[in-house]
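Two complexes come next, and they have one chain in common, subunit A, joined by subunit B in the first and subunit C in the second.
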Partner chain A sequence: MRLFIGVIGLYLVAALALPLGLMLAKSLQGSRDEFVGLANYVRYFSTPALSQSIGNSLGVSILSTVITVPLAFLYADALTRSRMPFRGFFKTVALVPILVPSLLPGLALVYLFGNQGLLKAALFGHSIYGPIGIVMAEVFTTFPHALLIVLAALALADARLYEAAVALRASRPKIFWTVTLPGARYGLISATFVVFTTVVTDFGAPKVIGGQYNVLATDVYKQVIGQQNFQMGAVVSVILLVPAVFAFMVDRAVRRRQVALLSARAVPYEPKPQPLFDLLMLAYCVVIGCALLSIVAISQFAAVVKFFPYNLALTWAHYDFDQKGGGGWASYYNSIRLALLTSVVGTVVVFVGAYLVEKARGFALGRGIFHFLAMLPMAVPGLVLGLAYIFFFNAPANPLNVLYRTMTILVVNTIMHFYTVGHLTALTALRQMDPEFETVSASLKQPFYRTFWRVTVPVCLPSTLDIAIYMFVNAMTTVSGVVFIYGPKTELASISVLNMDDTGEIASAAAMAMMIFYTNVGARMLHLILARALERRTQAWRRR
Partner chain B sequence: MGKALRREVGAEEVGRTVTTPYLRISRLTKTFGAFTALDDISLEIVEGEFVCFLGPSGCGKTTLLRAIAGLDIQTTGRIEQNGRDISALPPTKRDFGIVFQSYALFPNLTAARNVAYGLENTRMPRGELVKRVHELLDLMGLAQHGNKYPAQLSGGQQQRVALARALATSPGLLLLDEPLSALDAKVRVHLRHEIRALQRRLGVTTIMVTHDQEEALTMADRIVVMNAGAIEQVGTPLEIYREPASPFVADFIGVMNFVAGTVVRDGAVRLGRSELACDVEGLAAGTEVTLAIRPEDIVVHDGGRSESNALTVRVDALVFLGSFFRADLAGDAAAGVLLRADLPADMVRRRRITEKSTLSVLLPPERIRIYPRSPVNR
Partner chain C sequence: MAEKTVRLGSLLACAAIVAAAIGFAATTVRAAKATLTVYTAVEADDLKKYAARFNEDYPDIEIKWVRDSTGVITAKLLAEKANPQADVIWGLAATSLLVLKPEGMLMPYAPKGVERLDAQFRDKDNPPTWVGMDAWVAALCFNTVEAQKKNLPKPASWKDLTKPVYKGAVVMPNPASSGTGFLDVSSWLQLFGETEGWKYMDALHQNIGVYTHSGSKPCTMAGAGEYPLGVSFEFRAARQKKQGAPIDIVFPSEGSGWDMEATAIVKGTKNLEAAKTLVNWSVTDKAMKLYNEGYAVVAISKMSQPVEHLPANMLEHMAKNDFQWAATNRAKILAEWEKRYGAKSEPKK
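== the complex of A and B ==
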């Protein structure tokens, strides 16, 4: 078992710890790799053009958070506390943004509010290129993440508390303030930090619609790609790590407390019909749902007409990717390959890793370090990880540099980038299993791997499917993690979107982004069918 | 150590031929940081014996079981099984079958596959394996349930599958970790008898951990009463009940009256204003002691003054408990102390005893146990 921990541990070290360490070191070096102490940082903070990005980043992040979290909370309240119709449909609609790259809302906003936009007048002369556009795009992107967290928190509601409040003749608003809100407070805090971190580290939206408004994420990109100033790129990355790590730590602390809240035995809450309230909630969900769908719809529409909004004649010309600035159709197939590889290899690595952390006996220090490394990627923005990979895998002295610009390194990077959520999902599933399975097997003189294969894997299969689809969808949409390390032969669909947008082929960019969307929808549906089939097959031994 | 002596006497009183013990635990200690979970435990178990580890939660009984299984290796000490030193062996190298409170049945395998689990991967031919599984399921009365999954079985049935699985490999030692506590009362009582009968039939040496004294009293050949990581007493159920070695055991097993008194001379103890005859176990006059007597041992009598150990008491409260009444007795003679007595229902009716009645009760000398009073034990 120690051997297995060692092997996967080594993977985490090579794919995460060493690159990050090297990046920290780079931020302290000059252009000829000599040690210069904090000189780079001093230069960064004494260059207003650079350091003002910190304020910009914080500004858009806070604004996006303040808008997204209440919107998501109300939406979650509608889904869980009202009896409005089509709740399942509205939940599905709200999750659509997860399936598209974060570049897509930027493109759609350009069509809606750009210089030739339909709704340009609604901005009263302000430009969509800049903080307004970034915030709008980020609200779209982060809405489902906030919603899922708040939904989970509201699902814990205890019906007895509501009954007690009603019996004490509390009014609806009073019940909201004294029961609903306190019950969901950890969820709200968690959602706040998740949204904040996502926005601070997001690269796609500010790249497409940020215009001249610099934020930390685009600065890293500009320093590295535009000016080839890797040291300064490392400095900005380290600065970008600070809020992400801080938010991550607060979130972990809060989640730990929420677990304690869960342990009490609660009676699930069942809302009763309240015509007026249900109607208002329905209206609200319709508005939000339309807003979310309109972003996707406008992208698809613009992709199939000649020149939106002037010439609305239908055409497939924008799908002729091979004639455009990006990587052509090849990049789309590369993305599919990456997503499949990431999903298969990633699920195996993540699940076996989580199993070792949870079920191995002894070797506590090794398992502790392993768990820490598994949790770390959550706090590391994709751009930072990508830049760290340049430093580590492009170094001539590193025997692993044969991997540079190959599909393998993209897979390694993407697995690492999305490792934590998969790890936590697997841990949750493993913790629901009787801890004595391994003991019983040992008493029956069976090797641990036999129990793993015969019992653990079959019982955890639904969770492993969840990890696989999560890895697949994210591998399709990610930009930030891979933008520094793709090669001429390994350009991806999401990168193509970025590059076609750069060369002004926005309609093709939107078309490619929508290809990613449809692929993800297809993958999701396949996942659903598989999960259903699995459920039917294992119904006999599953309770409920 | 006095305890060690008592233990050996106890083993002989069971009436077994004294052989080399099957399991010998010597000077076992287990610490978790500053906390001592097992404190110098020594114990011997002979082949075919059914032994219960009994004690309140946190007393170390489960830790001891897990040390025997090799799941949590002891800090110091030695365990020998069948003459073999197994102290440092991992669970896979030891010879035992185990059943947990949660059963830990593999949910995705049928009852039959669960039972077969430990037999697969051995060199046992397929046909023999199938036969053995059938045998075991038959033995447990589960013949027609072999193809069901654990979730489709009742708690009692699941428990029996777990037992069959543990016994499938014919282990020399069967370990049961609170096997009945997840079941409801009726099934529990039924399974007690079943497990006991099965153990007798197979003759497998068995250790069961439980916090349920009734379970231990009805099932065990010998009971090991544990408290705070140490063994308080080892003995047959009858010994443990009749002659508890310490106030802890007396209090933990059954119901016991405790009354403060003082040794007057050899064979007599002062209790309030009365003097009671009893065995003072060599304690010197003037020693502060605790008297202990079980409620059912207090006898109502006709009040002949000549009777020794008689007390005049008033009935403060009378609670009907089916076959008997539990009476709270108080009296000047007993210096304000309260005694509980279990009075047979028909006797209470015959004598027309009610609350506020005045009675004369006997405390039979041979039923009184005394313990030196320490500030810790009440």
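== the complex of A and C ==
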């Protein structure tokens, strides 16, 4: 057992702790790797071109958060507190942004609100290239994340509180302010920080639509890729870590308090039909749903139009990726390879890791450190992790440097990048299992791996499938984690989108982004079918 | 019993998925006899054509491209100086190669037939450390449809671009990342003198909508009417026009900045023989004809054939250019540019 903890623990140390440590060290070094103390930081803060990005980053992040969270809350309210029709459909629609790279809304906004955009007039002469574009793209990207958290919080509602409020003749707004909102407050706080962190660390949207509006994430990229100034890249990365880690810690503290909210005697809330309210909510969901879908629709439209905006005849020419910049169709197949490997290997590593943390006995210190390392990736932006990988895996002295620029390092990086959510999912599933399974099998003198394989895995199969699809979808869409470490033979679809946009082949970039979308939709559907089938077989014991 | 079958079934399903994933992932490309890692800034839509043409003659040498904008590739080569990853540089600005040369990163080599190249299209040393391929020349892409809508006159000179009428209508590449951007800036400094040159850019800055990462994007943006005027280069301008963009291609009256794409062997390559083969091929007639498909002026200038949509007298549009001066001052110019215009917080309207 200790051996297993050791092996996976070693993986976390090599793939996370050491690279990050090295990156911190790098930010204190000069261009010849000599120690220079805080000199790089002094230079950073005395260069206004660089340090003003801090304000820019915080500005767009706060603004995006302030817009996204209320929008998502109202949407969640509509889904849980009204009886409007098509609730399932609207929930699905709201999750669409998860399936696309964050570059896509940027591309779509150019077509919608750019100088030739279909809805340009709506901006009243303001330019989409800059904070306005970034915020719009980020609201799109973060909406489903906020929604899922708020939905989970609202699902905990206790019907008895609502019945009491109605009996006391509270008005509808009053019920909202005194029952619904306080009940969901932890969810709201959590959503706020998740949205904030996502925006502050996002690289795709500001890269495509940010124009000359510099933010921390694009600065890291410019320093590292544009000027190959790795030390300054490390400095900006460390600065980027600060808000992310802060938000992460507040979020953890808040989530810990939420646990005891729902008592055993609570009655699930079931909304009654209220025609006017339901209609209003339906109208709201239609508006939001249309806004979300229009981003995807316009991208598809742009991808098949000959020469926007002058020649709107249809063509497949933009799909001829091999004749464009970027990695051609090979990059698309690379992405699928990465996604499959990440989801299979990642699920095994994450699940076994979570099992050891939750079910192993003894070795508490080791398991504690392990759990901490598993939670850490949540607070580490993809760009920062990627840069740390350059330092760690490209060091001539590191025996692991043969991995540099291979598919393996991309898989290792992507699993690490998305480790935390998988870990939490697995932990939740494992905690639902009575520890008596282990005690009984121990008293029957069964080795732990046998119990693991014959009881734990089948019982937790739905959760492992969830982890697998989560890993797959994110491996398809991620840009920030892999942009520093892909090689000539491992270019990915999402990177191709970035590079084609850079050279001005926006239609092809949109076409490739849509390929990612369709692939993820396909994967999701497969997951749904598989999950249903497996659930019928392995979860039969849950039913009577 | 049924339970067992079910469990077996699900296990088999999982095993099948795992096997499929690993099988798919393990599919490897059949290895060629030699593989060259070639760093380049050649236009992305031409890369595969270049490799295919070379492979017609040398099918046993596989080219692995690493492509990015000029500035990025230059920075990358400098950063990897201690441990070079590239075998050959094929298609990078001569001003960049002149930066790499004093660092001792290039291996002098005289490819067969190098004497046929015009003198200004090869390194002066003997043997030369780099050999030229073709010239790429600054050009303005001017969207006629948008111009009509907005009543914009067609500019004839660089100076015209600073007129208030073009406020927010001009896009140009960032010289730190784009070779085209750098040749613009260095040509303005040479044409107008340093003080006047920076003054000119200060004025131009007022009219810039955005600075782009690549030198092509200003022209594709102009072609799509996103911004009516793009400071770009002749290859992309001609290609945009061919693809149906409603643009006029303008070569400013003061003369156009230019740079040349060039080839060199990276010192320390482990594939020296293959590298020499590629560099030999890069100056053949066949290669010149290949470059000439996109670029109007190639290194054996008498071979240059006119390119569709471009004037026949391209050589006359090219301003006098001191490559050595541009290369020596590259870092200083970029730092100054970054200081003046890098921190623009918001695109001007």
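The rule is short, and it goes like this: the second predicted complex is superposed on the first by the 537 of 544 C-alpha atoms of A that agree within 3 Å, B and C clash if a C-alpha of one lies under 4 Å from a C-alpha of the other, contacts with A are read in each partner's own complex, and residues count from 1 in each chain.
Throughout what follows, contacts are C-beta pairs under 8 Å (C-beta built on N, C-alpha and C of every residue); 3 or more make two chains touch, one makes a residue touch a chain.
Because the structure is a prediction, the values reported are computed rather than measured.
Steric overlap between subunit B and subunit C is absent once the structures are superposed on subunit A; the two fit side by side. Between subunit B and subunit C, the partner in contact with more residues of subunit A is C. After the superposition on chain A, the angle subunit B-subunit A-subunit C between C-alpha centres rounds to 160°, nearest 10. Of the two partner chains placed around the shared chain by superposition, neither subunit B nor subunit C is touched by A:Y470.
In the superposition on chain A, A:K306 makes contact with subunit C only, not with subunit B.
Look at A:R450: by the touch rule set out above, it reaches subunit B but stays clear of subunit C. In the superposed model, A:N214 lies in contact with subunit C only, and not with subunit B. In the superposition on chain A, A:G504 makes contact with subunit C only, while subunit B stays out of contact range.
In the superposed model, A:V459 makes contact with subunit B only, not with subunit C.
Once the two complexes are laid over each other on the shared chain, residue contacts for A:P131 go to subunit C alone; subunit B is not touched.
In the superposition on chain A, A:T538 makes contact with both subunit B and subunit C. Here the smallest spacing between CA atoms of subunit B and those of subunit C, following superposition, is 7 Å. Overlap of the subunit B and subunit C interfaces on subunit A comprises residues 454, 458, 538. Interface residues of subunit C facing subunit A in the complex, by the touch rule stated above, are 6-7, 9-10, 13, 17-18, 20-22, 24-25, 29, 37, 43-45, 48, 64-69, 71-72, 75-76, 78-79, 83, 145, 176-177, 209-214, 216-221, 223-227, 243-246, 338-339, 342-347, 349.
Considering their complex, residues 48-49, 52, 56, 110, 114-116, 125-127, 129-131, 211-214, 225-228, 230, 306-311, 322-326, 328, 336-337, 340-341, 343-344, 396, 407, 454, 458, 461, 488-489, 499-500, 502-506, 530, 534, 537-538 of subunit A touch subunit C. Contact residues of subunit B toward subunit A in the complex are 69, 71, 90-92, 94, 96-98, 100, 102, 104, 106-109, 117-118, 121, 149-152, 165-166, 168-169, 171, 175.
Here subunit A touches subunit B in the complex through residues 434, 436-437, 439-447, 450, 454-455, 458-459, 538, 540-543, going by the rule given at the top.
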